[in-house]
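By letter and in written order, the chains are A, B, C and D; residue numbering begins at 1 in each of them.
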Amino acid sequence: MNARLATFALLTAAGLSLMAMVPYLANAYWLALGISLLQYTVLATAWGLFSGPTRYVSLATTAFFGVGAYTVAVLGEALPWPVVLAVAAMLGAALAVLVGLSTLRLSGVYFVIFTFGLAELIRQLVVWFEVNKSHVLGRYVFVPVTQALIYWQLLALAAAVFALGWLIARSRLGFALRIIGEDETVATHCGINTTIAKVTLFVISATVMTLVGAVMAPRWTYIEPSIAFNAMISFQVLIMALLGGAHRLWGPVLGAVPLTLLFELLSANFPNTFTIILGCIFLVIVYLLPRGVVGLIERRRETSVPVQRRLPA
Amino acid sequence: MTNAILTGLMLGGMYALIAMGLTLQYGVARIMNLSYGEVLIAAAFGAQGLFTGWALSPFAGLAFVIPVAFLLNLAIYRVLLSPLVRRARTRDALEVDSILATFGLAFILQGIMLSMFGGAYYSYSYLASPVHLFGETIAANRLAALAVCILLGGSLYLALTQTRGGTAIRAVAVDPAAAQLVAIDVARTAAFTFALGGALVASAGVLISTFLTFSATSGVVFTMKALIVVVMGGVGNMLGCLVAGLLLGVSEALVASLIDPGLTLAVNFALFLVVLLVKPAGLFGRASR
Amino acid sequence: MTAPLPVLAVEGLTRAFGGLVAVNNLALEIGRGEILGLLGPNGSGKTTALNLMSGALRPDAGTIRLMGCDIAGLPPYRIARLGLTRTFQLVRVLDGMDCRENVMAGLVFGRPHLAAVDINARTATLLQRVGLGGQEARLACELTYIDRKRLELARALAPAPDLLLLDEWLAGLNPSELVSGIDLIRSLRDDGITIVLVEHVMRAVRALCDRCVVMSGGRKIAEGVTGSVLADKAVVEAYLGGIAADA
Amino acid sequence: MTTSTTRRALLLAAVLAAGAGFATAAAAQTSIKIGYVLSRTGPNTGGAAVTTLPNYEMWAKEVNDAGGIKLGEKRVPIEIVAYDDRSSAEEAVRGIERLINQDKVDFILPPWGTGLNLAVGPILAREGYPHLAATAVTDKAPELAKRWPNSFWLLGTSTGAAEALVDLLVKLRDEKKIGDTVAMVAIADGFGIDLSTAARPALTKAKFKLAYDKSYPIGTQDLAPIINDVKALNPDVFVAFSYPPDTLALTEQSRIAGFNPKIFYTGVGTAFPLFNQKFGKNTEGVMGIGGWSGDSAAIKDYLARHKAARNGAEPDRWASAVTYSSLQILQQAIERVGKVDRAAVIKELQTGSFDTVIGKVKFENNLPTRYWWVGQWQGGDFYGVAPAGNVGARAAIVPKPAWVAP
């Protein structure tokens, strides 16, 4: 068992260092694609971290992402970079506590649309504040952060989010969340403080999303609310995670990576019919992969297990 | 003040109009339809084409657009969605599947419209004349939309509460499993309701095309607005839909003229959030516990 | 010497839904090691009373003392940690988890002083205890109806509760299952567990309950030793007026 | 860092020298690859589909029909690579990186809109591609041009726009044609806020009375409350820094409410052909941002070619012509250099002077010297009226005639 763990750790370390080499080996385009892949991987995994076990479908991704990006836009040139990131993380976490405590009694679609409304509300308030108080809408971010540095930060975030997910799954909190996901009433009668458990997880997930927004912001030079709080980010992340399968830690990445590549492939080769083809592929995926990519893999594994068992005998 | 309230009522009527179809589709047929706004825009293009091409008034166009939309939506449900409904074991599973499938459908519809009409804005003038009401001047086309909204919403409400078929639809909305037990053909009722919702949103598209500027890519705005109104009113509740729409409209107009037009949407979303915090299942929704 | 502290003492418990008073000024007491039957026709307020005791609902008025400590209005998780667990009228197990995890769910979040026990050993013992010995790895959704009930019971027993609330735990069992079910509950009492039993199956009530409280229309209409309560004229009327007992 | 760059440059030079034995880079050129990333979906589509895409496609076709771009002695056809940025800054950035690194395009045409032009600015600067931003209005333009010497900001600054408008108002007030009450609204977005922030001090300085000064969020679906409030104040001048859907809504609402100030000025969309289609006779006297010298032969010719190429669709009367002229400028610069040498092309852009549909263009510090800031619908077409010093400027019709029933 320990040997297996060690092998796993070794492989992970090797994989990570290989990925860390990308900025030295690849040209700017591959690096940009790597950034996109990592961005969506981290966002979708962080989304799944909360929504997988609790089955709350959140559309608030862009709210946190945007808060991160805006923090950089406001403070980016005033404070050292690590401090900016720390402030962003704290703002995201504080917002998540507030949102978590007030919303988690909503269920189903009410929660979904609430989170969407929340993201829009924050965007509107930022707009109103900028227009009436600071009289600038659209801030310029000239932070000396290179593309490679963005890539490495995202890679570190990705490693962190997987490590976090792995640790949570093995903790009391993880177990509590699985029970909540199964049956919340039973969970409370088992002695689980469901509110604290859910809010804790929500905060962790939201903080990661905020950090992604902060890390990405220097890439665009110019931040305005419609860029930072782009609702499409929420939808894309949701779709990626659902497609991959949110009930496993490594599920969302199986949706994020192929979808990002698919978007890229289609928009590069079929700029005119991009949307139609994308829509058709979506439908095909929904019909052929009823339980997400994870479901497909698990089914494979289930059928292959007896074969493996037969082999040693 | 009178003016703001009048304006707000008309705006709210439009919001309710946009949302009525979705409350049926989502409340009864259990399809969280993300391609909803695209259907609305398609109908708007239809009305625009009929008006500029054949000088057909949008209200006459309704007679053409509504049946077409009904049949198209019926086909969409039968071909694309009913396999998912049959496959889904739980409501959650259907929700996830319908989000993914209708998201794809939205892309397809938008792509078709982009290839037909390009990405440019469209707008035309119909009934853009002033009407004097309570000493205030308002736009005739918006007033007409409000009237049709009240007419459609009211008759639908009566049909749902007073007729046998309506009772069946409400029964399916409340509990599909139990409805099945009392010999209601749930699959057919759901298909019919989905198509009815599609026809409603198409008529909304026709009406608002007389006063709003639209383009092939503006559907998502209406999808989200409709979702907000539906959820705020309580899923599947016609009356809730109307009240929520009017509340949003009136608050928007009042804020615009009394406080600051810059805060209208913020106040709208805040109102929506507060309603949900106080009543987690919407204004007229039944608590799920 | 004062009298031994009752495990549960309820006084003046009231809860209304809109105009309907589901539980009206209910009072009852349970001593250690006792099985109390909570009877009454459908809609008489039994399940509501249970929900009030376990914290699923907040009472409008009244006190609920568990081992002398007022728990009225506390959230369910705090009540569970104080030593009151329950099963549900419609059996609720964690379908996606195996039997071991189902029992662990009751064990690890329950009472703080149990944190040190060997979880695997205790889980095995509990499964053994309810008749699911060796089934640790089976998924809950694969179990038969009676076994799901057994599993739910094992989960409720896991934190070694002071008081166990069983909501129609014996309903829907076939005659042979009923016999084994009754034996199982009796053996729990023999282990000294205090139980409140909401039940329609009169055979089980007669076999198990030391005392009974009968409710009708939210009020307590009778209370006493099982045999005499069931013979009470008011009780018979309430049942005949409501739903026929299967006595 | 510097040494490694130098070393890399030396290495590159060595490789090139080795390759020179076979052929020069220019001689090997059989086509010029030009790439662009445009918003084909998402909220920016409406603007890009009117102003940018038709001109890019039309220009490419015209050039190839004429045999291509002239490199030295021969003409070389252009080859287009196009992507969709889905109205997202991140996609635009990645699309440009793909064009540069994967497609290895020779030149890049910019995306639509201020935000996206700023987002792709740093990469184009880093990689040394000429960046002729024809659809970006930003006050940072001079500063950006200094930061990125490859970038040219053809639409100018919002301060320029605001000051030109205020100058016109001052002149009209001096002529006693208007009073001094102004109502101003702006869309709460980079464009609207930049302009209103610039107009506010300019108006105050010119001693205008700002009776109404509000913004409204993107996506507002009924502007009646604003028009009603403004009407009650009875201003002489109504200024709206708006986007196309709101421009149409504000105009329609004003007509319905019978709000007819002496000057009625709206933002983006006023110069769109759609505006004319929708309002017909009611366009008379409406002012808006932009404009062109509609009487010039070059513009008339451009209009005719655009209609022929785009199935009868007309260009907007502002950024369309600027966009098209940016393409002409690029072509002329490339032809003067005579080979695909981007540094030389940038140099030529900075110093040369170019003949375009909008007249002669010469950049000073990477900014053109003349802009159209105020236009007006007169007799069914939109003409530039300010700055009055521009060639082809028409006199403004003030006061605006009354609305007529449609």
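FYI, a contact is a pair of C-beta atoms (placed from the backbone, for glycine too) under 8 Å apart; a residue touches a chain by one contact, two chains touch by 3 or more.
Computed from a predicted model, the values in this text were never measured in an experiment.
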item: Third chains touching both chain B and chain A; value: D
item: Chain labels contacting chain A and also chain D; value: B
item: Chain whose mean Cα position lies farthest from chain A; value: C
item: Chain pair with more C-beta contacts, A-C versus B-D; value: B-D
item: Averaged-CA centre spacing for the pair chain D and chain B, given as whole angstrom; value: 37
item: Inter-chain centre distance, chain C versus chain D - centres from mean C-alpha coordinates, in Å; value: 75
item: Chain B and chain C: spacing of chain centres that average the CA atoms, whole Å; value: 48
item: Mean-CA-position distance for chain C and chain A (Å); value: 43
item: Chain A residues counted as touching two or more neighbouring chains; value: 124, 127-128, 131-132, 272, 274-275
item: Residues of chain D touching at least two other chains; value: 40-43, 188, 215, 217
item: Residues within chain B bordering two or more other chains; value: 110, 114, 260, 262, 265-266
item: Full enumeration of touching chain pairs; value: A-B, A-C, A-D, B-D
item: Complex contacts: residues of chain B adjacent to chain D; value: 3-4, 7, 10-11, 14, 110, 114, 118-125, 128-130, 137-139, 142, 211-213, 215-218, 221, 249, 252-253, 256-257, 260-262, 264-266
item: Residue ranges of chain C in contact with chain A within the complex; value: 54-56, 75-77, 80-81, 85-86, 88, 92-97, 101, 104-106, 108-111, 155, 159
item: Chain D contact footprint on chain A (complex, rising order); value: 27-33, 35-36, 39, 124, 127-128, 130-132, 135-138, 140, 142, 216, 219-222, 224, 226-227, 230, 232, 264, 267-268, 271-272, 274-275
item: Interfacial residue positions of chain D with respect to chain A in the complex; value: 40-43, 82-84, 86, 88-91, 93-95, 97-98, 100-102, 114-115, 118-119, 121-123, 127, 140, 147, 188-190, 192-194, 197, 215, 217-218
item: Chain A to chain B touching residues, read off their complex; value: 55, 57, 102-103, 105-110, 113-114, 116-118, 120-121, 124-125, 127-128, 131-132, 231, 235, 238-239, 242-243, 272-283, 285-287, 290
